[in-house]
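Chain IDs A, B, C and D follow the sequence of writing; residue 1 opens each chain.
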Amino acid sequence: MIIIFEKNAKQNDIQKVEKYLTENKFGLNRSQGKDHFVLGVIGDVSTINTDILKEFSGVENAIRVSESYKRCSRTFKPTDTIVKAGNVPIGGKDIVIIAGPCSVENEKMVHSIATKVTKKGATIIRGGAYKPRSSPYSFQGLGEEGLKYLKEAALENNVPCVSELMSADKLELFEKYVDIIQIGARNMQNFTLLKELSNTKKPIMLKRGISATVEEWLNSAEYIVSGGNPNVILCERGIRTFENSTRFTLDLSSVPVIKKLSHLPIIVDPSHAMGNRKLVLPMARAAIAVGADGIMVEVHENPDKALSDGPQSLLPYQFETLMKNFKIIANAIGRKIYELD
Amino acid sequence: MIIIFEKNAKQNDIQKVEKYLTENKFGLNRSQGKDHFVLGVIGDVSTINTDILKEFSGVENAIRVSESYKRCSRTFKPTDTIVKAGNVPIGGKDIVIIAGPCSVENEKMVHSIATKVTKKGATIIRGGAYKPRSSPYSFQGLGEEGLKYLKEAALENNVPCVSELMSADKLELFEKYVDIIQIGARNMQNFTLLKELSNTKKPIMLKRGISATVEEWLNSAEYIVSGGNPNVILCERGIRTFENSTRFTLDLSSVPVIKKLSHLPIIVDPSHAMGNRKLVLPMARAAIAVGADGIMVEVHENPDKALSDGPQSLLPYQFETLMKNFKIIANAIGRKIYELD
Amino acid sequence: MIIIFEKNAKQNDIQKVEKYLTENKFGLNRSQGKDHFVLGVIGDVSTINTDILKEFSGVENAIRVSESYKRCSRTFKPTDTIVKAGNVPIGGKDIVIIAGPCSVENEKMVHSIATKVTKKGATIIRGGAYKPRSSPYSFQGLGEEGLKYLKEAALENNVPCVSELMSADKLELFEKYVDIIQIGARNMQNFTLLKELSNTKKPIMLKRGISATVEEWLNSAEYIVSGGNPNVILCERGIRTFENSTRFTLDLSSVPVIKKLSHLPIIVDPSHAMGNRKLVLPMARAAIAVGADGIMVEVHENPDKALSDGPQSLLPYQFETLMKNFKIIANAIGRKIYELD
Amino acid sequence: MIIIFEKNAKQNDIQKVEKYLTENKFGLNRSQGKDHFVLGVIGDVSTINTDILKEFSGVENAIRVSESYKRCSRTFKPTDTIVKAGNVPIGGKDIVIIAGPCSVENEKMVHSIATKVTKKGATIIRGGAYKPRSSPYSFQGLGEEGLKYLKEAALENNVPCVSELMSADKLELFEKYVDIIQIGARNMQNFTLLKELSNTKKPIMLKRGISATVEEWLNSAEYIVSGGNPNVILCERGIRTFENSTRFTLDLSSVPVIKKLSHLPIIVDPSHAMGNRKLVLPMARAAIAVGADGIMVEVHENPDKALSDGPQSLLPYQFETLMKNFKIIANAIGRKIYELD
């Protein structure tokens, strides 16, 4: 950590900071520049908040040289983490395809879609049972009944399933029914919930908050990992910008950025950000090319009748074409699409 | 609601949409433009999600003409809502000043600051007991003990108090200790929590999410109000932009925008967004001038030793000067600072 | 165009708007909703500014149903435009690769790099002679000398070249030396310059402004096309967001969005947005997969010694690998990389 | 400047950087942290581009401790700069009010408005003659004729005037007619134009780019000041964010931020950002309270008939009320509104 003092900072103020740091067993390196006095702090600074240091009189800025997260950083663990969802490995050489409806609407529809997408090559199925809706007047999901239908459809097709958890009081239910617990963008900084998730061993798919920096996202993952659950999968789903021709701006560069900073697997969900299936198709292909460890897409047999997010759902025949594209693109970058034995 | 069809939309597709709407008892107005067919939907559309309509084949866009929130809108209730926190009215002609430390650090400090700020004119005190921290390694607050100290300091000075609630399981505790329950920016779209808040009668101070639009913010308030708790106070605290000379960009224009769209009171918290007390002072003055119903600022006697967010806390003498400025500016716009009898 | 009136708008105000529109020969469609009166405007509304209509008393909003740009829209011209730079077609089935140094630093370096990249498959070369630098103390480019070296290197390798023009007074010079005139992000709304560009027949590569919406970008293209120069190539180069792990957020979704709205070709420049060659590689591959008509990348033999933007320049061997990836990915989506005969 | 090396950077790479710096006469301070080697660079670093240093192998980051702009910084000149427009001082204790129509529409209207606003206390008049319009189909201004009418109206009322210059070829014309040359947001990084502006002595009002950081804005001012024209007035006019209830988000915190970093005067233009006169009024009051050296607002006698930007223009009676508010608020912060003798 580097502490930059204000021009003409008082000696007395500098000494107070030095005293604080030496009392906390940090080493110091002093450097007087043309205008600013600069202090280098030596030791394990992951436990200091830079804000604490910016508080001291005379301090202009405190800049972290190492990351604020630790267990999630590639420095801490240089090799890629592979998270197992049932028997499906996420984060290795193979790319995993997750597909299914936005919401579980009824028993029949989830079975039908699950069968179609797994036949075409999806190896994990998805479906929402508790829906985070910005308006209280929108469809809120089937609840436990939805989870049950999803699980049955997964078992029938011999694949794991993923669904979104919205609050800690339903954690036990999710441990019973799902193989990956999804945490939505709006809960990425629900720290109370994150702490609870460190007490399960179930894989957690942590979506990026709609205006979260990559650093904040990794700090949220750190809550789960440092608390005892190393099975975290990151999921890029778009950030909020001024552009309004798409719902969110899918930040595909976060994939190589995460690969550089962290050992955790990262997948991409292009459906919600695009909000339109014609845009989902090319962005899904691009997500494979950029190096994602998996793709999650919404598929619906009759999107015009969907109870939520219909226009972004792919039709089964589009999903089939996409899978063919995926195989060639994965090959171009030396990877392959994961297949069940 | 207006539904715009794609150029050359099929008659069959248009008829499907018309059928759906008439079955749901809406009136229709048909209009054929040069390029696009447009359908006006007549009736109470607050219960339809525009997304449902965008799903239909041939639909290019569906635009809401009325608001998606209802009970929070000024159309529904044209007169200003006044929320009472203890005996203190928020949202009337008088402007309320809320002050106190960022975190309750110990019994003595909260009493000392509470006494100082109420003597200078604050009529509500604040203090965090549960802290939402982006890193798991930062100070997380004193918990119930902190709430207890805050309440005692409030009683001693005969004012109400406010503190942040992070999860529904602590709601009972907060009902016991605090007069206003603050919901932080990171939980603005924690819909499970919002639903629980509709079951209490305690005033809720709902902070704007760091990348929430004004419309989403009002939709979150709608969760609480439509569920049965009309006592919502909105709090602008800054949004995330590309500018990095301040932590967040305080969007003061949200104050007159909210006044136009809604009857709910709105206060401004300049401390977190600015991150530096030299910037907090002018922005607090501007917040009075722009028409806020209240201001919430952090005050600390020894900010260099604060356990959280020291650099943005005002010193007691700065708070005193600010109160004098507030009185004159309030007068300039025909309002006054609320005072205890 | 649709005009939404305020709740309880006065009849007199509505009549003024209707009069204005009928005087201007537009047809009208009247619709009284539950709360709002809505007016549909029928005719060629591309000549009306919505702001003019929002000005009228009683008008709450005016929403354009058709695009504000006309000649650049796919409605106006449904088939893809192919722009020819020398003999190289941009915008057809084949994908064009543009490569070269960020700045032309001297005669020898631009010849050497041009030879290397064209041997590996680039069919257009790039190089800056006039550099837009945010600080007046940074290297500003070699000027005309740089253009001359670039042109010679292009001729030697029998390919066209592209360079950035910063002001209209240098237009004649650029017409002499370059085959594509690049307009940088900072000049995307330099309307005086755009108007001048409509007087040349040279292809214009119009970069997206750093906070331009897709609609504004197409409106800027409209300045050039409506003025008489149909040869516009759009170039996505990243937008400004809160994320700071990359310089800009490359918005790859703008590619399919532009393809839907416009007939103009669109290429992607991942170098400046990423600012780091490790990130440029995967984003370039993703840009092919998403459907771009071309890619422009910076290549340098000794990036550590570059006078501008070294860290984002690819090394020649990296460019070679990339070309191999490009061929496979292009094939996966039914396209191919353009090659000289 | 501080250079942070990658973990495990090679000695050889570190030495290359050290050699480059010592050859360029900079002093060095070496510091080995737990993970990273850090180099402090001592000397006048305003001439080095940090990008040059980030290019070297092994360098992770290069962070500027002093500002990249020099002559505009408060370090270089600690006292406030006062720019004189005619006899009117901008940047001193007094706050200057600039008012007038968005566009000069005809001779009579500009005379009439100029007379009204100067009678109520405006001491500079404004009016656009060349309009930057995002669509080529919108009204583009009266050109030289407009400048002439504006100047006559200014002379008649014995005040200076300001208008927007869009390209260098009109500079001579502006020197003849206007007292302050306004550079619009879209040209803030038109570096060719900025260089030309350093050759005049006329005051330049430099608007902030719609997505410019404060640092970039000051760097653009540096182009003008370092080239020889010290008379720069900054103008905050709103930045682009995701919020769409206003056209732009007026960043009032830039006022105290600029006051801290620079000695240049700063004024606020709330009209364009708000796009609605009901929002302009409170934001103008807030701009006085936050410490702006001036306010620029649009006033129109018949906004419903305005040729551009009518809905944001104040009516003369609203301007009169605003002036009264301004006086009281200015007094509250120890300043006053500038008046002609």
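Methods note: a residue touches a chain if its C-beta (ideal position, glycine included) is under 8 Å from a C-beta of that chain, and two chains touch if they have at least 3 such contacts.
Here the structure is a predicted model, which is why all the values come from computation and not from measurement.
Colleague: Return the chain whose centre of C-alpha atoms lies at maximal distance from the corresponding centre of chain B.
Modeller: Here the answer is chain C, farthest from chain B.
Colleague: Which integer distance in Å separates the CA centroid of chain B from that of chain C?
Modeller: A distance of 39 Å separates the two centres.
Colleague: Averaging over Cα atoms per chain, report the distance between chain B and chain D in Å.
Modeller: Centre separation, chain B to chain D: 31 Å.
Colleague: Just give me the whole-number Å value for how far the CA centre of chain A lies from that of chain B.
Modeller: 27
Colleague: Quick check on chain D: which residues sit in contact with 2+ other chains?
Modeller: 211, 240-242, 244
Colleague: Linking chains that touch, what shape results: line, ring, star, complete or other?
Modeller: Graph shape, chains as nodes and touching pairs as edges: complete.
Colleague: Residues of chain A touching chain B in their complex?
Modeller: 16, 46-47, 49, 51-52, 54-57, 68-69, 132-139, 166-169, 186-187, 189-193, 195, 210-211, 216, 219-220, 222-223, 226-227, 240, 303-311
Colleague: Across the complex, what residues on chain A touch chain C?
Modeller: Residue positions touching the partner: 211, 213-215, 239, 241-246, 249-257, 260-261, 273-274, 278-279, 282-283, 285-291, 325, 328-329, 331-333.
Colleague: Over in the complex, which chain A residues touch chain D? Could you list them?
Modeller: 2, 4, 7, 29, 31-36, 38, 40-45, 63, 65-66, 75, 240-242, 244
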